[in-house]
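Two complexes are shown next, each including chain A; its partner changes from chain B in the first to chain C in the second.
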Partner chain A sequence: MSEATAVPTTAPSREPSTGRARSVLQSFELDTRLLGMIVALAIIWLGFNIISGGLFLTPRNLWNLSVQSATVAIMATGMVLIIVSRNIDLSIGSVLGLTGMFMAMIQAEWIPKTFGLGFDQPWTWIVTIAAGVALGALIGGFQGFVIAYVGVPSFIVTLGGLLVWRGLSFQLAQGQTIAPLDTTFQLLGGGPKGSLGANLSWLVGGIACLGIGYSLIAGRRRRRKYGFPTRPLGIDIVIGVVGVAIALGAVAVANAYPWPPQLASQYAAENGITEPAGGLIIPTGIANPVLIALAVTAVMTLVATRRRFGRYVFAIGGNPDAANLAGINTKRTILMTFVIMGVLSAIGGVVLSARLNAATVSLGTQSELYVIAAAVIGGTSFAGGIGTIPGAVLGAVVTQSLQSGMVLLRVDSPIQDIVVGIVLVAAVGFDTVIRRRST
Partner chain B sequence: MRIRRLAAILGTAAIVFAGCSATPGASGGGGSQAAGGGCTVGMSWNNYQEERWAKWDEPAIKKAIEDGGGTYIANDAKSSAETQATNVENLINQGAKVVIILAEDDVAIKPSVAKAIGEGIPVIAYDRLIEDPGVLYITFDNIEVGRMQAREIFKLVPKGNYAIIKGNEADANARFLRDGYEEIIGDAVKSGDIVIKGETFTDGWKPENAQTNMEQILTSSNNEIDAVLSENDGMAGGVVQALDAQGMAGIPVSGQDGDQAALNRVALGTQTVSVWKDARELGKAAGDAAIALCSNKDVKAVKDTAEFTTPGGNKVSSILLAPLPILQNNLNEVVDAGWITKDALCQGVTDTSKVPACQ
Partner chain C sequence: MTMGDPSASQMPAPPGPGMAPVPGTGLDAETPEPVTAPPAAAPAPIGDAPIIEMRNIRVAFGGVHAVDGVSVDLKPGEVIGLVGGNGAGKSTLMRVLSGAHPADSGEILVDGNPVSITNPRDAKALGIETIYQTLALADNTDAAANVFLGRELRTRLGNLDDAAMESATRKVMGRLNPRFRNFKVPVMSLSGGQRQSIAIARAIHFNARVLIMDEPTAALGPAETAQVHELVAQLKSEGIGIFLISHDIHDVFDLADRITVMLQGKLVATVDKTAVTKDEVLAMIIMGKKPGEVTETELAELHG
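Moving on, here comes the complex of A and B:
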């Protein structure tokens, strides 16, 4: 995540250079919008923590929050590319539902019953996910083709998709809830058993630290190579230290949440471990859905900022005609953004159905709204050309924080919707005003 | 240009959609006018995309009507109250003499209902209440469903901490069920024997929302929950997942609908009760009543009706059927009825000593 604090994808040169303080700040090249979001998130968290009497900032609640945000975060990374290139995808909730239902049928009906191979084969989950992701890519590719090559507006195509894929999902299982799912597959949905545990979590933290260090050093080297001014060394060091602290702090929090006592006792009994006096303490660590979300974020950030494809997407969003005249294959690029979105929706389907241990007809309904909200709160502009992947992930965490926090405070669902809706409009309104003032 | 393009796409989408989904009764187009003689009964579904309607309710309604010499026509409002208003008029235009409505919104449908009744067309409110004194309300007794759920849970946990997971706030059934709970556990709550640690509505009755809500209730109560009253099976699925993640699966949890996954959970012992409303009985009752209304339009003259006072203060004529609580020891009822296969019911059940139906 902190990788992109170092490498903003929005062009910082848009901001004017009036005043000394601003130009100094500018030479730091910090993504002020991302910083603003982090501050907003901190305020939300502290606020909930105070109102809930210290319940919000507990390892357990933060761990819950991370898992609850994962699905929307995964899909929001793809939505950034879609919106940046001036399109929209309204079908993702239905694609999630259809791929989720398809995968549930494979693992709970077709493999065990139709082919008579039985439940819980060791390879079931891999086959299932491969097929589900392929279906997601196929759906995305089909929609992308109609949008890019036939020229139908994405709003219309994906609005149709929203109806079609949900309808097919119903047809697939005749409206039934498909459960239970494969036991290995279930682990991808999180829960204490579907988490990394202490050691692997530290390993992930370590890899994140190396990534932060590498991106900072490589960034400086690249700039020097092309003769660009580098950021003051001190700033890079501060960014690096803060990034490492956040990464390791997050791991420490995840590890500070022990397995629930009941589950730990069951585990002890099953494995013949005698429980110590205070009960067996097993650190939970990073949950699998969160690991998936982190990996998706890292890959998507790399694709958006370090690959030609990502550059093309932003170029098309900035000015489609110019991009076309510059020789970019805009149609193919747009098609690819929808393929990626389809794949990410399928991954969202994996996480959500695994977490629920069931696929229902309503799986993922309205998630398109939360995903678009996350991307927009995270600074993606509908005018095209502007948006960051880490911003969208933070946006997902912000919306989920509001919702989970309100449940903790026993605020009922209609009020939750009102608050999230207001925050969405307020965040974008605030941003627009600031932008207008600074130009 | 753009508009034409839009129309073309929407048209295509509509064709694809219609082609792929078996539209209720396959008669949405109006091609199947009454073959003459018999009485045409129109059925307006609010949302055909739910497990039970296509599979159980519709065949029973259709059969009862056809056995009575009538013709069945239907359409689907796809969860839109506005579409449903149009649909009801369409049914009447197609020649329906009696209309059965499964209402998307119990208030928004009122003008359409009043209009139909004004034209001398009797209206049956199917499974969901419509606040109009002129309708015939046919349903399972939802307050009784709530009582049954609470009764089974209360038997097991007369003292302790409860969590209550309610359905969609806009659905009258969510309130009826809660009223049923109150009748059973109300006194114990007042005396302090039962403490409600968390109570929440669930947007759209969605299992994943119920799961998240349950996780937050467990977090805020530090897992000190002894029983969960969940208003339906789908949400109970989310609740059990949240409990399972804390190693707490097995504490009493309620539900209703007799979903296959839920019945499997009852067999496994992770859900206590699923109150089963045999949709075929409901469908048959509605079909029979519709046929009776073809010849006599007085909704009070239909047999087995009683007066029911609605939350809105209306007195409507109603047929209330009694549901059946399904527990571990009477699971054979659903197997015998052909509602679920023994394989599906008993999947993963290793200890069959407590589950006679799996032996």
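Moving on, here comes the complex of A and C:
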């Protein structure tokens, strides 16, 4: 990325300056690609903010952006593993739709009506999600089996899946929209009530800070134990401080977005609070879908980088033959990546249907395209073996930022698609050129 | 040279002075070291009982008999040179032993006991390690990830213990290639010699008893080839049995104790290196005729 910013400088001075910039980055041992994406995201945000006259960088817009990015981010973490191991999953939008519809039927039709147990039972949401996630795992496992053990290319299997699962979703509800959903289940879709509020949000921020501190200290300790050179302490401190600042800053922004006045008044009336002049200010805090996305990102990052399974996924992507000859059960590993993808699609189904408070036949349509775009913009290579989970999550935020910014500027939706499409190809093209030059 | 494990003590290891300072083989294209004379390896202590016996192995691809009823055996501390033209079946035979390809029929014995090798994991569990001609490295991961691929070290919580794996890799690479420093980069950015030394490190780190080397020097320059020869001599002196697949008859004569020749999937013969000439082996490879069966004129024609 350092090369990109240094392009305009003249040829003789270019070599040393980029060399030095690169060595500084190297001493941080950070992913330069990830840093480049953060810079790109900052440019997009500032650009939209200037063009929209300060409408983009408001707590309200950023909060909405975080909720919109959550579903794509959740599924993109799984798509990374799929693409890294040289496969593709085109069916995730339909799996999301079918699991969402299945869960809507459970909570709105089968439990209350078929079994006559009543609507809004306290346990309904748990049973519903467990069943939905199980269905997602089953679908993913089935597709993974056909891909890994029968040997049908994943493009074909999941293209078939895209049609089959969407069709089943229609059949399941005879094409009807199923609503309303369980009240507790709805909270998983976000909204003012489906958010953590000020205190819990600060708690999440605090946990994130502890996590950052722990990983830095544990990393140093591990390397010292074997007498390996450690990163300069100052750099670790800088990384820690920046990480903590970002975590706490994000919480502060989420808390700066208050409940809508009407809802706050209603809340005050229900709880017998006298409203102060100018209305009751209730901080919204981190939305539940964002919390789910953060948890999924943390778990998937652990799986991808610290677990044997993740190592095998990357090894298969790098050289399938070598993975086989090393004694890795490549078929089971591939199958598992699709099981994970199915589970994450079902979680996407929970969030999206809860947010709509309904399951429609078109739930999640085309989300596979945005998820694949997020993973690829986030640095996942179709050649296999390369990709990161945080990169894909950032990719999701980038694509959603573009869309949300264009909505803010009242750009027509066909134009939005054109822009996202161009950005996708340009990002990968840019990356390919950079990589070719650096090797 | 020790293998750094308890089982090494069971082997007739060379005495103290000979084992301490192992000269680096330095498989490194960028910094070829001056080739030092091979250490005076103790006279190869070849055992009597075979570690490996392969009996009547058959592998067919469609209607083609890639390996057709071949039997070979290997004793501890012995190097068997496996030679033959393209498509002779030598690599397929070894893929059976390394678990990469199942045999259609036949029997494999380890230490006289019949074993079942259906995948690479089985072979590795029996102490059979393979250095493939393609090296079989996951190019996008670093040296330690490749050395431990499929056999990762883990912490108590089951997470990958990357620091422990890097430490062990530094040790084994220090033995093979002391100048190697690039422990943190994907192996795709390394030179051919460096990649080769990682593949060798992977094979010898886990206390191999049997090593299969498929064309180990095909992609190497003269200096690096000499270093591989030195390594073979060292491993042999530790009592490791080696199958060496090679096209290069000079390589085979330099390193092997016995030579097994295959032609079109069939075993021509296994002969003692000292009992044959290079021309006689060439006649076996090309015409499939054993030393006794070949005439002087036929031998002369080989050079025609």
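Criterion: the second predicted complex is superposed on the first by the 410 of 439 C-alpha atoms of A that agree within 3 Å, B and C clash if a C-alpha of one lies under 4 Å from a C-alpha of the other, contacts with A are read in each partner's own complex, and residues count from 1 in each chain.
We adopt the following convention: a contact is a pair of C-beta atoms (placed from the backbone, for glycine too) under 8 Å apart; a residue touches a chain by one contact, two chains touch by 3 or more.
Nothing here was measured: the structure is a model prediction, and the numbers come from that model.
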Chain B and chain C placed together on chain A: clash or fit? fit
Ask   = In the superposed arrangement, does A:F185 touch chain B (first), chain C (second), both or neither?
value = neither
(Q) Looking at A:R166 after the superposition, I want to know if it touches chain B, chain C, both of them or none. Which is it: first, second, both, neither? (A) first
Task: Pick one for A:S265: touches chain B only (first), chain C only (second), both, or neither.
output: first
**Message:** Under the stated touch criterion, which partner chain does A:L325 make contact with: chain B (first), chain C (second), both, or neither?
**Reply:** second
Review point. Should A:V407 be classified as contacting the first partner (chain B), the second (chain C), both, or neither?
Key: first
Chosen between chain B and chain C, the partner touching more chain A residues is B
Go through the superposed model and pick first if A:Y370 touches only chain B, second if only chain C, both, or neither.
neither
Superposition result for chain B with chain C: lowest C-alpha separation, Å, rounded to 15
Residue set of chain A touching chain B in the complex reads 52, 55, 58, 60-61, 64, 68, 119, 151-153, 156-157, 160, 163-164, 166-168, 170-171, 174-180, 190-192, 259-266, 352, 355-358, 360-363, 365-366, 403-404, 407-408, 410, 412-414, 417
Seen from chain B, its contact residues with chain A in the complex are 2, 5-6, 9-10, 12-13, 16-17, 20-22, 49-55, 169, 198-209, 211-213, 215-217, 219-220, 223, 233-234, 237-238, 241, 244-248, 259-261, 264, 347-348
Within the complex, chain A is touched by chain C residues 98-100, 119-121, 124, 130, 132, 134-141, 145, 149-152, 154, 158-160, 162-164, 166-167, 189
Per the touch rule above, chain A residues touching chain C in the complex are 222-223, 225-226, 228, 302, 306-308, 311, 314-315, 317-319, 321-328, 385-386, 439
